[in-house]
Each structure stands twice: as structure tokens, then as C-alpha cells.
């Protein structure tokens, strides 16, 4: 068979396949939020909450007003466009049902949501200021807020999360999760945009950390790499399990060391508790509790 | 010493060093597959198996034929070029010995391999349709196939793997592993392209998951973050150990929770078994077995 | 309220917020090293230590001299510029205090540091040649030095670390940590640039590995994914804890399997020791010791 014929056959077979599997095609459907635009938007928003850190520009008090104005107008336009695409995607959960209606209604709703996010940024910054402080006082290797903001994956993850969580609360489907996955990919830290996290939050190192949708965390929490705040068991689809609390609650000032796993929606870790490395916990502990592995049995063999 | 002199000395020292360490230079040798082109190729192929998801375009039935034709022709050309470079690299294992011969023979072989990959995509899509379904039914937080395809790292990882595995089976050296490392970098999920994985496969979260070259997995497996399917012990180089089965077998419908480690080429996890979080297993278990850590000894101290 | 008015209010609120939180603004301050330029610089330096691997070019002995000269001159210029920015950032630790002085003095110091790094590359390459060899002999799935250099995250991580560590030793603030975080993001391997690592070093898979600032490692170490070499406990800020040894020492030829955690600045793992998977160790062990988990209690339940 000639090369041309082979290629033509292969294309025909792919087209047949596109017709066969409806759920993994998106050809004639509404345009989705493109991944690279979501990434760009997240970067623009992070630039807005930490001005002067990531770009080349050197702004002063006077010019910053105009630069900021231009930037906000642009972000508002891009965010509206991406939100409108997200709002047109069919969704499932009640919390997620947001922008049904005529194209004009969806458009108007998307613009409203985008403006709300911009309006929320000053209070997001209030909380992030406490997070940066928590990183500085929580890590003996941390030097300056510059170092922490520019190079700490935990600070990057909580910044991205606080932005994505606002969009989640505003009922935008898909977009918050796409943002959290951009950050998961960059940091290894996997925080569902639904998680509610108090101020002065610090994650050190962070790779492998997983935090589920219905997690509740008070202020002053400190978490290390490989910590899981997860569900005890997973039954059924979103309809049955989607709306109940499946992930733990941490009261104020809880520290959880590397590799610890805490599971279950009714599990509450009391205020000021410390959970040791690799601990596996599926029930509540009272305030001020320290939980560590009992001396694990190790075998030592001299060669 | 003047700055010019210092620079000239530094350059001379580097050149000497290039001459000294043959194995870490690639100056006069054959051109290698460039990393950014492998990344681009993987993205193009993922776009081909999930059309309309990642790009900006909004295709309809009519135009999609022509767009698809152009895209396939371009991918075929790029894939042939990269495969030809990979086939010229000296390799080691028998499975990997593929494209020895004259430049023209290597070229022809590379074109054949590239065409075979295109031809395999419809059946890759058949299996991926079951993987997307497994993600939707396996995660209570999952809403739509759009969300799952656009933002689930586990779906990204299995898509990339099913493509890389085809190239591995076609005997292309280096390229499959480069693709799997692009995806490892993006998702934290490290699946060797040699692993054989049945349909309806789902990885949740996934960061830190490691799956070795000779792993065999039946249909319906569900794996969580931090799972290792590894080798029991590693002795000698590829010559001795490269061709034997070093990694576990999972029969159909096995679930493995976060952080579990299963090691050894003769370890078989029986059909329908459930392996609990953090379990460390180096021997087989029969069908329908549930393995969990016995209540780990924890110390609780009230402050 | 009109859309224009809303936007104008949102911008005003953001400006107020910028004035309020001094520590998370960088508007009128000195320009920082931009993240994308640090990434580019790291890639250029890795290209310099493994010539011909990552780019498209196909260099021969003759042209390589000129290409190398051009490349070194460009890197020297870019590195000087980024170092100058880093040296102007206020820092904290003694080791980090480097480039105080007038703008001209900082500039001169930055140029000196950049030249020193170039001059150090041949000896960095001497050590990297042993690391590539260690990867080839340590992993039965490894075929060629091409495969190892192009696709092994562990080799990428140690290459990046050996470069960043030189900058750390030269007293450049921020920049080494920014480089190590670029690599952490790409590989999931988190090595503080302060860690001192002997030759013939190999990390397999690597996701989730954490190595602290004052870690000391002899030659021939082999580490797997999820290993933590960390601090026993963290008290106070950098002033109290920053200058003492907080992380373990590994003597020559130590192997540490996946998920093991070794903590504490006084913990020494004796020469030739093997630490098994998931072991949690906070005290020293003598030379030639094998440490494994005692048979963990598992519960098996047949369904």
C-alpha cells in the first residue's frame, strides 16, 4: 500500500473513531477554556496579588496606577471570556450550577463573576500577607519575603488556591479546578479549589500533598510534604457523595508532619494538635494532642 | 587577569573538559531527539486522541476532515524525523533493537513506525474512552468528561502512557521514555512506557506514583497517589536484569490506596483485591483479598 | 453601578491594598531576578555542561569552539545581570551576605561571581560524569548515557544542584534557591542548594524526595523516590536555627529506599549502610548496617 493510501486510511479510521466515542470528542460542542489561557490568567492574577515580583518591570508609585489600570482591564476582559466558556459547560453539582441561560445572560453572568473576583483581590491579599509571614517564621532556611514569594512552592500553591477558591465560591465550573491543576503540575501540591483554609497557612516542601474538596482548616496550620487530607472511602458518583463532607477538619494552629494521612469528613483535629510524620488517622483527637507513631519495629543487621 | 583573558581561559578549560569526558558530550555524534520537539509531538498526539479539548479551534464535522488531514500529515512527518533520530542512537536491550542499517533503511523504518502509531490511535481511543468513564465513576468530585479530560492528571498520564507504550512496542528507543518523563514532570506520575495496563484504568491525584517497566495490570484498576509498583531488589546492569519480569502483576479490578508499595516480579495481586494505604507487600495475595495495616501503634499525648 | 465605575473602584481598592502590605509588594524596590530569566539561565548552563544533548544544533570539533565562545560570553553577561539583582536583595544569613556596597561594587562583584561559576564548570563536569555512570550502573532499565541524560529526572536534578550549589558557595542570595525550585517543579525532587553531595550520586524516580540545607552526603549514594533527609524539629527563625547543622550525614556508599525518612543534624548513616523503604530513623547507625521495617502487621481478609 502506498504511503498516501496508508495515511488516508489512518485519517479515515480516526474520523470513524471520533464519531464512535462521543464522550471523548469535543468537536462540534461549545469551545472550552483553553489550558494555556487558563495558565496565563492564573499568572496574571498572581502578578496582580504580588506586584513587581514576577515580571521585568520596575514600577513606581506614579506609573503603577496606570499600569495597574491597563492590567486590570485586560484581566477583566480575558477572565470574562474564559468564565463564559466555563459557564457554558454542562455541569453536575448544585454548588456548580451557575450560568445557565441565553448566550447574552451567560455573557453578563461571566462579566459579573470576573468583576467580583477583581473586587475580592484586596481581601485575598490581606490573607496572603499572613501566609507569607507564616512561611518566614516557620522555616529556618527562609531569609526574606522576596525569597519566599519567588521560590517557595507552598506560597505559590496557597496563592493560587486562594484565587481559585474565590472562583469556586462564585460558582464557576471547571476553571477553578483547571487552575489548581496548573499549580499541582508546577508544585506537586494538589489542593482542591473547594477546600476552605484559614489565614497564616504554611506548606513546607509540599510535593505529594493532597487536600480534598470539603476540607476545613483553621488559622495557623503548618503542613509538610506528602500529607493527605482525604476521604475515608469513596462510594458512588457525585450525585450520592458530592455534597456531603468527606474530608477532615483541622482546628486552629495544627501542625501535620510529612507523610501523615488524615481521613474522613467527621475527623476533627483539635486546636493546637501536632500530628507526627507518617501517622495514619481516621478519627478525631481533642485540642492540644500530640500523635506520633509508637516506636516502629525496626530490624538492624550488621554486615 | 583581564576579563577577556579570564573568559578565554574558562572557554579553553571547558573545551578540554569536553574532550575528557566522552560519555557526557554529544558534539560530533548523531543528532538526538530534541526535548522540546518530543514535548510538542506528545501534545500533538494528545490533541489527536482528544480532539477539540486543548486548542482554541472550534471544529465542525465538515472542516474537521481537512483539519485532521493536515494535522495527521504534519504529525507523521515530525514523528518520522524524531523516530529516525531515536533509532540511530545505540541501544542495549533486545526489545529495543529496532532500526539498525543504512541511513536510508533507518529513514524507511522510522516512517513505517510513525505510520503504525497513527494507525494504532483509533484503538488507543477505544481504551481511553473506558479510562475517562472510570475517572467519572471513580471520583465523587468529578463532574463532566470535559473536566476530567482537561484537568485530571491521572487521565493525562494514562493518555500519554498509552501513546508511549505503542512506540515502546514498536521498538523505538529513547522516545517513549522521553515522553513518559515529560508527563512525569507535568503530573508527578512516573509510568515506565513498558508497563502493560488494561482498560478502565484510573489514577486519582497521582503525585509520586511509580510503575516499573514489567508491570502487568488487568482491567478496572484504581490507584492513588504515592503507590509504588516496583522491583524487589536491583542487581547488576541491564544485561542481567533487563529482560526478566521485575515488577508486580495486578489481576482485574484491583484497588490500591495511597502510599502502598507492592514489589517483585512474582507478586500477583488477585482479582478484586483491595490494598490499603501505606501497606508494604512483597508476596502474592489471592483473589478478593483486602489487606490493611493492622492498627498501627500510635502514641497520644495531651499537652 | 456602571461597569467602568466598578472597575475603577476595584483598581483603587487594589492600590490601597498595595500601600497597606509592604512585605508583599515590590513596586518601588530594586528589580528582582525574573523567574523566566533564571529558568533560561539554568537551561543555558545545563546545555553547557552536557553539550549537544538538548538543542537542535549538530556541532563538530571546529565550529564548537566558536559556538561555545559565543555562548559563554552571553551566559556570562546574563548571569552577571541576574546575580547583580540577587546581590541587591536584603538577606539574612552570614553565608548569604555577599554583595553589599555601592552599585558599581555590586556590579563588579556580580561579574566576578559569574566568572567564577564559568570557571567551576569543568570540575562540575568531572563529578557529573561519575553521576551519569552511577545512573547507568544503578538502574537495570537504563540503556545509554543519552537516555539517562535526556530523560532521567534524577540526573537532571543532580546537574541542576551541582550548578546551584556553586552559586550558593559563592554567596549569591536567592538565585540558587530559585534554580533549585525550577528543578523541583520539573522533577518533584527538592534539594536545597546548600546540601553537599559527593560524586557518583544517583536518584531513581525521585518524586517527593526532600533534602535539607545542611545535609552532607559522601560518594556513591543511591536514593529513591519519597526519601526525606530532614530536620528533627524546627524552632525559631533563621537567626537561631539557620547556622547549625539540622540535617543528616550519609557516609560513602549508602543506599536509601523509597519513602524512608532520616532526620536530625547529628544523625550519621555509616558507610555502606542500606536503609529500607519507609523506615523512620532519627539516630545514627554504624557502618555496614541494614535497617528494615520489622514485618509490619498486616490484616488479610478474604471476601
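Letters A, B and C name the chains as they come in the text, with residue numbers starting at 1 for each one.
Operating definition for what follows: a residue touches a chain if its C-beta (ideal position, glycine included) is under 8 Å from a C-beta of that chain, and two chains touch if they have at least 3 such contacts.
Just so we're clear, the structure is a prediction, and the values are computed from it rather than from any experiment.
Trainee: Looking at which chains touch which, would you call it a line, ring, star, complete or other?
Mentor: Looks like everything touches everything, fully connected.
Trainee: Counting residue numbers used by both copies over all numbers at the interface, does the chain B-chain C contact come out same (over half shared) or different (under half)?
Mentor: Different: fewer than half of the residue numbers at the chain B-chain C interface appear in both copies.
Trainee: Roughly how many whole angstrom separate the Cα centroids of chain B and chain C?
Mentor: A distance of 25 Å separates the two centres.
Trainee: Check each residue of chain B and list the ones that touch at least two other chains.
Mentor: Answer for chain B, listing residues that touch two or more other chains: 188, 207-208, 226, 259, 278, 293, 296.
Trainee: Could you list, by residue number, the parts of chain A that touch chain B in their complex?
Mentor: 3, 6-7, 9-11, 13-18, 20-21, 23-29, 31-35, 89-93, 96, 173-174, 177-178, 180-181, 184-185, 188, 190, 192, 194, 207-208, 210, 212-213, 226, 228, 230-231, 234-238, 240-242, 246, 259, 261, 272, 278-281, 285-286, 288-296
Trainee: Looking at the complex, which residues from chain A come into contact with chain C?
Mentor: Listed in rising order, the residues of chain A that touch chain C are 48-56, 58-61, 64-65, 68-69, 72-73, 76, 111, 115, 118-119, 121-122, 125-126, 128-129, 132-133, 136-147, 149-153, 186-188, 205, 207-208, 225-226, 258-259, 277-278, 293, 296-303.
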